[in-house]
Every structure is written in structure tokens, then in C-alpha cells.
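Next come two complexes, and both contain subunit A; in the first it sits with subunit B, in the second with subunit C.
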Partner chain A sequence: MQGWADKILDIDLSSGTVETYPLDKDIARLFLGGRGLGARLLWDLVGPHVEPLSPENVLIFATGPLTASGAQTSNRFSVSTKSPLTGTILDANSGGWWGMQFKRTGHDALIVRGKADRPVMIEIGSEGVIIKDAAHLWGKTVFVTTEVLEQDNNKRNVLCIGPAGENLSRIAAIMNDGTRSLARGGAGAVMGSKNLKAIVVVGNQKNQPKDRDYFRFMLYETGKLIKASPLTSQALPEFGTVVVMNIINEIGALPTRNFQQSQFEGAEAISGERMTDTILVRNHACWACPIACTRLTRTSRTAGEGPEYETTWAFGAQCGIDDLEIIAEANYLCNDLGLDTISTGNTIGCAMELVDKGLIESDLRFGRAEMLHDVIRDIAYRRGIGDGLAEGSYRFAETYGASELSMSSKKLELPAYDPRGMQGQGLLFATSNRGGCHMRGNMLGPEVLGLPRLVDRLASQGKGGIVAVHQDSAALVDSLVLCKFTNMAVAEEYFARILTAITGETFTADDLMRAGERVWNLERLYNLREGFTRADDTLPERLLSEPVAEGPSEGFTVNLELMLEEYYQFRGWDEQGVPTPVKLAQLELDKLVEGAGT
Partner chain B sequence: MPLVKLFGHLRDYAGGSEFEIAGQTVGEALIRLCADNEPLHNAIFDQEGLLSHVRALLDGRDVELAQGLNTALDDSDQLAVFPPIAGG
Partner chain C sequence: MIDQRLYEEFRDIGRDIYVGQITSSHGGNLSVRIGDRIVIKRRGAQLGRLKPSDLIETKLNRKDSGITRASTELIVHRTIYQKTSALAVVHCHPRTAVALSLSRDEIVPIDVEGSYLLHKVPVVAAEFASGTQDMADLVAEALREYKIIMLRGHGCFSTGQMLEEAFHWASCLEEASDIILETKLLGEKHIEYRRHSESYNKW
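Here is the complex of A and B:
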């Protein structure tokens, strides 16, 4: 293969049939791969009548044209489905080795449909595709399953769900290579609903560039850029992602105790600096990654991988907990049980506020670090209060008549930034197609770190266009599929040249940014078809109407309406947030919409 | 006196994380902090001012949006200085 493998694998678990068919090259050129390819396939396969946890929903595991090529961070892949948490289109992506290995089986994407009548697993290797009984694995945790199925990083890779996915928690993740996760939006529950425990891949094909010399030259050039950037060569390897904890706290944008405050008195105790001084063993890299931001850590009781910044915040400031060891162990536990750490920690913090306000009776109060691990287990196994928490914060809070205490957007739990202190981040959360998320673009760069240039984080004017461009860029990187950290050092122009070298087809930076914009608009169309409207592009009422009480963001709420107007206008959408016919024609999406009768 | 707080590897160069340093401006305080400490100076400054990606926050607001190194300091101010960081 040279870029795309030109083949899609399609498995129906209800009938046990396995098909392969060619990848449509027009679709490949327009949507690239990963998230974009997943969105395009999902548009045809899963319409508005489909319940996310029914056999009619599908899982689409997709790689990109660069996957397994050896280009820096070309290890990633995505899963696309309709989310059981949000009801929106969902994609989640992950690093590690599995994506690279799956691509080496000679497929661009795997579609899984239907529902097996008993627990099964799929094995894809030199003997073809085999659907096997997995009764002996059902109930096993992620780490046990991964070991039993003989994970071997460069040869044989395991993707699976844990108990949370089996028990249909709407915040369940799909895990790969043991500790990497397709975390957000509940894709683990979709996999559980299909009685699919695991997918094992063993590949032997190579993604060989059409123009090898040009490809090698470009990798040399991009390697130099990654080495030259203090962000990718120093900041991320040295302190990992948690290093942003202190700066977010300093600016007054660290959500604390379910976003009731925006600074946490225990921030230093859970910072990247403290992690490096205490529990860090060494850093670690995914396949073909020179950055190596992953933290291997050891507490006084056990050892594992992580936690990342968002996780540290979710079990830390969000829950009023400043015990880094407890937080790290909570992360290990979520990986083993197959839970999204952001949604899990955010939802627990939400429950803690409900307890504080007397809406539920429980000992689960802010700061109760000793309860954290048991609550996480209860979520995965749906025991006691965990049964409600497994539904995510919105449904949990709604049960007690307090949905306004769910810190979510489109029912996806918000990550580690209080948008009252980062106005653009607020717009980004509100307009994210999979719900409140920092991986659909992230205004941390321009609003805090000065990347590519600093803008006033407390200003709302002018943010619409910046957010839209960051979202399109994220959609592009997710469709290639690469790690967003690469993009801190390597511009789109270089991605275009690498793609050109691999496929032999000419791509420009403009082509790629247009592809990112196309993907974003198709996702928007999908959500509109599902019945989402402008009213869903919003944030929790607390962030819109309760000013920050003290600190550097004191007095601010999110000025969302102004930014939303500007954003729709920049995107070429009408005032209801619907892409105009002109915009759809520009993006070559017009025929798709006409064909669907939308 | 203003309190200067350092983060990341700047702490290693400075041998601590918090310092009370006199200075009328951000630049004056930082130059005084880096006196006789070349590694710390080189981790904060280049010939044109603050190194690319180094952030200096005065009471939570980035000084680049004020008067940069010429931003005035009061005795009660807290100045937080970050080396290049990334994440999220």
C-alpha cells in the first residue's frame, strides 16, 4: 500500500458475515481517513432513527493515509459511532501501537455492525478474519484481557473493553495496548452492546511511500522541527501534559469543586512539577513518536501509566482532592476498568456538589480521597450510587432535578478549563460536535501559551474565527491521523508534502485545511440531522450567569452569544447555525446533502 | 517586595520556587533575579527580551498584553514565570 490500503473490512456480528470492499478514492481524497473517513461512512450507515446502543449502530475503526508509514506519530487511529452519552456523532482517537498494526493488516477501516448472540472477539491476521468465542474473557478487566490475548507491542495488539463497557456505562472507553484509550463519549458501551469484547490485530503489510526519497527528506525536515521546538523536545518530554496545571491555576481558569471556583489551593500538589519530583519513573513513547510525553509512574502501592493533565484535574481539583498518589491510582483503575477519566472525575465532582447541596445523601463529599477508588469501581460495575453515575453527569443530576449542576455541553463532561477565564475555550466547548471537549481544537495555545500568538483570554470579540480555524485544524490532524502535539512544531504545509510523498497525489496545505473544514461541516450536518439546533451550542448556566467570585478571572462569565454570532458568520452558516448552500458547495458537501434529502 | 514565582525547570536553575525581589518593572525584577545565574538568565531571556514561549504573568495576566518587560510592579504583586510548556 502507498498511503491508503484501498480496502474496508466490514463485519456483521449478527450474521457472522465478513466482507471486504474497496475504499472509494473520492471519499479518501475528500475526507482523508480517521475521523473524516469515519464521519463520511457514518453519514450513510447510521441515521437519526438508530438508538446508539442498538445493533443498528456501528463502530468504525479507521486509520489514515499516513498510518504505519513511519512518519512522526503515525500510530494513531480513531473510532466513530453515534454516542450513547450525547446522541451526537462521535469519534475518539488513540495512540499506542494498535492503529499501526491494524493498518498493516491491509485495511483502512473496520466497520462492525449488528450484535453477537454471545460474547465474542475478532482476530485479524494472516489467517484472515476470525470471530471467536470470548465467554472466558467477559467480566475480565482490561489489563487481564490484554495479557491473556498476548499483547506484544510491535507484533500483536489488543483492543478491548473492560467491565464498564460490558455494563453499558455511557462513559465507558475502548482501550488499546493496555493503557491507551478511545475515551470520550461512551464508545465502550457501544462495543459492549454488541457483545464484542476484543479485537486482536496482527499485520505484516507495509505502508511504503510512492516517492521514498522525498518521504525520507520530509521526515528529516519534520524531525528537525520537532527537535528544535522547546515544546516538543523539552516541555512535553520533561514534565508531560500535567505541567499546565500551575499556569491554568495562576490565570484563574482551573475548575475547582465542580466549577464553583476557578483556582485550587492544592494545584501545586498535583502539578507536573510535583509529579516529576515524586511518582515519575520515566517517560515513554507511542510507536514512531519522538516526543514521548507519556509518564510511567509508581505510587507507594502500585505502578502504571499517567495520569495526564485532564485526568489529574478530574480526580484532583474537580473533586477537591490534592493527593497525587490517589489520583494516579484512580487513573490506573479507570484504564483497567475501561472508563473515560474526564467524564468519570467530572461526574463524581458533580455528585459531590449534589451531596453538598443536600440533594442526595452520601458520604461522597469534596476532598474525600479515600472514597475515590471505590466509587470508580462502583461506576464500572454499576453498584449503588455508581449505577447512576455510570450514566454520566447530566443524566445523574437530572434524576435529582438538578441537571444545571452537570458541567457538560451536549451532555459530554467538560474538561479542565473554566471558560469564564478563557472565553474562546467556552465557545470551543459550546460548538464542539461531540460535546464539551478540548481535543476539537484547543484555545489553550492562543489564550494562555501564546501559540501561535497570544490573544487576550478574557476578550470575546474576535474569538469566532480563531476557534473555527483551530477546530478545522484539529479535524485535519484527526483525519490524517496524527498526534496534535506534532502540530505544535510541524505546520500543515509539511503534512501536505508528506502526504504527497506517500500517495503520489499532490496535496497542498490549503487542500488539507479545506478537508478539515469539510469534516467539521459534515459532523455539523450529522448533528443537525439528529435534531440538534443552535440551542444546543451552549454551556452550563453556571458558566453563563455566575461570575467568577475571586482571582484573576473575577467578575467574568462566558460571553457566549456574541462569540456564537461571530462564529456562525465566520463559518458561513446561517443564524441558526446551519451551513448555507454556498458553504456546502464550496466544501463539495452539497450533493451529499441533496442525496440524503436533507 | 514583589513575589516572583518560578515553574518547571526554572526552579532547578534558581534553586527554589519563590523569591521576593525588588524591582520597579517586570524586567528589572527578573534581571535582578538572574544576576550571577547565567543558566537561569539564558532560560528566561534572549537578546530581544523574554525567550520565545516563556510566559510571565502578573497577577494572572500575561505581561505581553500589558507593557511587556516594562510593565510596572507594585510591592504586593505576584509575578509567575513559566518556561516553555505544553499539554492539555
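Here is the complex of A and C:
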């Protein structure tokens, strides 16, 4: 293969049928792969009346044209589905090895439909596909499942769910290669609802560039940029993503105790510097990644991988906990049980505020580090208070008549940035198609790190366009599929040249950015078809009306309405946030929408 | 906390470098060593328009979160401080000196001030001429012998006890390079006026 494998694998677990068919070349050109391909396929396959945890929902695992090529960070893949947490379109992506290995089986995407009548697993090799009984694995944790399935053949890569997915927690993740996570939005529950425990892949096909010399040259040029950027060559390898903990705290944008404050007195104790000094064993890299941001860590009791910045925040500042070992172990536990760490920690922090406000009787209070691990287990196994928490913060808080205390947007728990101190990040959260998330075009770059240039983080005017461009760029990177950290050092023009070298077809930076914009708009159309409106492009009331009480962001709320208006105008959407016919025609989405009768 | 007077020094020297046209709008960087810390220009900040928030403080002997915002060349500045007694480092892109660095292994001034102050400026070359440890080692090693050096096709690094001193060497290099260029453009016979001038390239 040269770029695309030109083949889609389609498995119906209800009937046990396995089909393969060619990847439509126009779809590949317009949507590239990964998140884009997933959105395009989902548009046809899962309509507005499909309940996310029903057999009619599908899981689409997709790679991109660069996957397995050896280009820097070309190891990633995505899963697309309708989210049981948000009801929106969902994609989540992950690194490691599984995506590269799946691509080597000679497929661009795998569609999983229906529901097996008993726990099963799927094995995909270059010779064929087998659906096997997995009763012996049901109930097993992620680490045990992965170990058992890798035992026979350590060349295979394993993707699976843990108890959280089996028990249909709406914040359950799908895990691959043991510790990698397709985390957000509850895709793990969709897999659990299909009685699908695991997908094991082993392949031997190669993604070989059409123009090898030019490909090698582009990898050399890209490598230079990654090496020259302090972020990708020093900060991330040395400290991991937690490197930003002290910085975000310093500027007054570190959400603390369920976003009640924006600076955490214990930030230094859970910072990247502290992690490097204490629990870090060494760093580690995904396949074909020169950055190596992964942390291999050891506490006084156990060892594992991580935590990332978002996780450290979620179980740290969000819960008022400054014990790094407890936080790291909470991360190991979430990986083993198959839970999204951001949603888990955020939801626990929400519960702690409900307890503080006397809405729940429990000992689960801010700072109670010793309770953290048990609560996480209770969420995965839906025991006691964990049963409610497994529904995510919005549904949990709503049960107690306090949905405004859920720090979420479109019911997806917000990550580790208080948008009152980063206005553009607020707009990003509010308009994210999968709900409040920083991985849809993180404004950390322009608002804090000065990438590509520093803008005033507290200003709102002018942010609409910047956010939209960053969202399109993120959609592009997710469709190629590459790691977003690469994009912090390498611009789109490089990706276009790499794609050209691999496929032999000419792509420009503008073609790729337009593809990113197309993906974003299609996702928007999907959500509109599901009944979402402008009213859903919002944030928790706290962030809109309660000014930060003290610190560098003192006095600020998110000036959302102004930014939203600017954003819709920049996007070419009407004032209700609906893409105009002109915009749809520009993006070659007009026929798709007409065809669907929307 | 960065002192106001230190900020003003960065602001004024940064402005002088930009106005003196020895670097582009966002190119170049400055740093000073304060004990076991380095204060350095923020990556991407305009040298001619530095604000207090454009100064980043980071540790000298170990990395910390400051590296996410510091100049791309932090690694070079850090290595220079580790290997030399410098207290200030200026990096800029003097265009004539950069042009000369593309065709020679050293720049030997022919004017009085350049000869007196610099004698000779070596040109070093690295595969990745920006932000790598290999390049940092090369530059720092050269600065153990010289107060200013050229990185081929990129720019100069100069050291001093204060920013103004390091800036002086950069400014002087560019003036000396302009004179070399203009002398060549005139095409007239060069009348040597310095005793022992043949020894400058052995400096």
C-alpha cells in the first residue's frame, strides 16, 4: 500500500458476518482517514434515532494515510461512534502500536456493528478475521486481558475494554497496548454494549512511500523541527505533559476544587518537575515517535505508566489532592479498569462539591486522598456511590438537582484549564463537537506557550477566528492520524509534502486545512441532525457568571457570547450556528446533506 | 520575580539590536545568568518590543517548566553558562556577518575598532543550526576561546558580564563585516596599515 490500504473491514457481531469492500477514493481524498473517515462513515451508518448503547450504534476504528509509514508519530488511530455520554458524534484517538499493526493487516478502517449474544473477541491477521469466544476474559481487567492475549504471540497488539466498559459506564475508555487509551466520551461502554471484549491484530503489510527519496528528505526536515523545538525535544521528553502544571497555576488558570478557584496551593507538589524528581523511572515512546513524552513511574507501592497533565490535574487540583503517588496510582487503576481519567477525576470533584454543599451525605470530601482508589473501583464496578458517578458528572449532579455543578460542556467533563483565565480555551470547550475538550485545537499554544505567537489570554475579541483555525488544524491532524505534539513543532505544509510523497498524489497545505474544516463541519452537521443547537455551545454557569475571586485571572468570567458570534461569522455559519449553503458547497458537503434530506 | 531594572536592560538592548538592524522582528535572543538561574527572552517575543511577560526565568543546571516558553536557543545559552564564565549572552543575526560566514571559516576585521576589539571571529558549523545539544556544545566550546563567534549561515553568539557588553561585540562584528564587504565592493587595492596584521588570523 502507498498511503491508503483501499480496504474497509466490516463485521456484524449480531450475524457473525465479515465483509470487506474498497475504500471510496473520493471519501479518502476529502476526509483523509482517522477521525475524518470515521465521521463520514458514521454520517451514513448511525442516524438520529439510534440509542448509543443499542446494537444499531457502530464502532469505527480508523487509521490514516500516514499510519505505519514511519513518518514521525504515524502510530495513531481513532474510534468513532455516537457517544453514550454526550449524545454527540464522538471520536477518540490513541497512540502506541495497535494502530500501526492494524494498518499492516491491510485495512484502513474496521466497522463493528450489532451485538454478540455472548462475550466475544475479534482476531484480525493478514490471513483473515476470526470472531472468538471471550467468556474467559469477561470480567478481567485491562492488564490481565492484554497479558493473556499477548501470551501466545507477543507480536500481536491488543485493544480491549475493562470492567468499566463491560458495566456500561458512560465514562469508560477503550484501551490498547495495555496503557493507551481511547478515553473520552464513553466509547468503552459502546464496546461493552456489543459484548466485544477485545480486538487483537497482527499484520505484515507495509505502507511504502511512492517517492521514497522525497519521503526520506521530508522526514529529515520534520525531524529537524522536532529536534529544534524546546517543547518537543526537551520539555515533553524531560517532564511529560505535566510540564505545564506550574505554568497554568502561575497564570491563574488551574481549575481547583471543581473550578471554585483557579490556583492550587499544592500545584508544585504535583508538577512535572516534582514528578521527575520523585516517581519517574524513565520516559518512553510510541512507535515511530522521536518525542517520547510517556512517563514510566514507580510509587512506593507499585509501578505503571503516566500520569499525564490532565490526569494529574483531575485527581489532583480538581479533587484538592496533592499526593503525587496517590494520583499516579489512581491513573494506573483507571488504565486497568478502563476509565477516562479526566471524566473520572472531574466527576469525583463534582461529587466532592455536592458533599461540601450538603446535597449528598458522604465522606468523599476535597482532599480525601485515601478514598480516591476505592471510589474509582466503585465507578468501574458500579458499586454504591460509584453507580451514579459512572454516569458522568452531569447525570450524577442532575440526580441531586444540581446539574449546574457539573463542570462539563455537552455533558463531557472539562479538562485542566479554567477558561476564565484563557478566554479562547472557553470558546474552544463550548464549541467542541464531542463536548468540552482541549484536544480539539488546544489554545494552550497561542494563549500560554506562544505557539505560533502569544496572544492575550484574557482578551476575547479576535479569538473566534483563532479558535476555528486551531480546530480545523486539530481535525486535520486527527484525520492523518498523527500526534498533536508533532503539530506543535511542524506546520501543515510539511504534512502535505509527506502525504504527497507517500501517495504520489499532490496535496497542498491548503488542501489539508480545507479537509480539517470539512471534517469539523460534518461533525457539526451530525450534531445538528441529532438535535443540538446554539444553546448547547455553552459552558457551566459558574464560568460565565462567577468571576475568579483572586490571582492573575481575578475578576474574569468567560465572555462567551461575543466570541461565539465572531466564531460563527468566521466559520460561515448562520447566527444559530448552522453552516450556510455557501459554506457547505465550498466544502463539497452540499450533496451529502441534500442526499440525507437534512 | 524579575526585577524592573533587569527588564529595562532587556527592553533597551533588545530595542537597540532590532533598531540597529542586526536581527529580524522575532529573531535573536538575550539572556543573563543570575546565580543558579537564567533569565531569557520568551520564544517568539519581538526583540524590539519586549514586555515584562516576555522574560522567562528558568534554572541553569536543570530543566524545568520554563523551557516550554523560553527561547528556542535556551539550550545554547545554558551550555554557554555551564562551560564559560559568561554572565550575559546575546544572539542575533547580523546580516553581513552571516553572509561572510557562508564563504569563510573566520571573519578577520580590517578596521581599527574591529581589529582592536575582536581580532578574529571564528565561524563554526552545525548540521542543525538551531536549538540542539550538538550545536550548543560547539558554540559553547568556541566561546571558551572567543567572546563572539559566528554560527555559519545563522548568526552570532557573544558573551559578557552584562548584556550591554555582549551586545557591543555583536554590533562591532557587524560594523567590521560591513567594512570588509564595502572594501571588497570598492575593488581597490587594500593598503595595510596595521603592524603584525598577518597575526590576526592566528588569534
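In this section, the second predicted complex is superposed on the first by the 592 of 598 C-alpha atoms of A that agree within 3 Å, B and C clash if a C-alpha of one lies under 4 Å from a C-alpha of the other, contacts with A are read in each partner's own complex, and residues count from 1 in each chain.
One rule holds in what follows: a residue touches a chain if its C-beta (ideal position, glycine included) is under 8 Å from a C-beta of that chain, and two chains touch if they have at least 3 such contacts.
Keep in mind that this is a model prediction, so the values were computed, not measured.
J.: After the match on subunit A, would you call subunit B and subunit C a fit or a clash?
T.: Aligned on subunit A, subunit C clashes with subunit B.
J.: I'd like to know which partner A:224 touches here: subunit B for first, subunit C for second, both or neither.
T.: In the superposed model, A:224 contacts subunit C only, not subunit B.
J.: What is the contact status of A:409 with respect to subunit B (first) and subunit C (second): first, second, both, or neither?
T.: So A:409 meets neither subunit B nor subunit C here.
J.: Counting only touches as set out at the top, which of subunit B and subunit C does A:485 meet: first, second, both, neither?
T.: A:485: touches subunit B, not subunit C.
J.: What is the contact status of A:551 with respect to subunit B (first) and subunit C (second): first, second, both, or neither?
T.: So A:551 only meets subunit B here.
J.: Check the residue A:241 against both partner chains and state whether it touches subunit B (first), subunit C (second), both, or neither.
T.: The answer is first: A:241 touches subunit B but not subunit C.
J.: With the two complexes superposed on chain A, say which partner A:272 touches: subunit B (first), subunit C (second), both, or neither.
T.: A:272: touches subunit B and subunit C.
J.: After lining up the shared chain so the two structures overlap, which partner does A:442 touch, if you call subunit B first and subunit C second: first, second, both or neither?
T.: first
J.: Which partner, subunit B or subunit C, is in contact with more residues of subunit A?
T.: Answer, by number of touched residues of subunit A: B.
J.: Looking at the overlay, does A:452 come into contact with subunit B only (first), subunit C only (second), both, or neither?
T.: second
J.: Quick check on the output: what are the common subunit A residues between the subunit B footprint and the subunit C footprint?
T.: Common to the two interfaces on subunit A: residues 230-231, 234-235, 238-239, 243-244, 246-247, 272-273, 448-451, 454.
J.: Once bound in the complex, which stretches of subunit C touch subunit A?
T.: The touching residues are 42-45, 63-65, 67-72, 74-75, 128, 130-132.
J.: Considering the complex alone, what residue numbers of subunit A touch subunit C?
T.: 224, 227-231, 233-235, 238-239, 243-247, 271-273, 448-454
J.: Taking the touch rule as given, give the residues of subunit A at its contact with subunit B in the complex, in rising order.
T.: Those residues of subunit A that touch subunit B are 230-232, 234-236, 238-244, 246-247, 250-252, 272-273, 293, 308-310, 416-417, 438, 442, 444, 448-451, 454, 456, 485, 488, 551-553.
J.: Which subunit B residues qualify as touching subunit A in the complex?
T.: 5, 7-9, 11, 52-53, 55, 57, 59-62, 64-65, 80, 82-88
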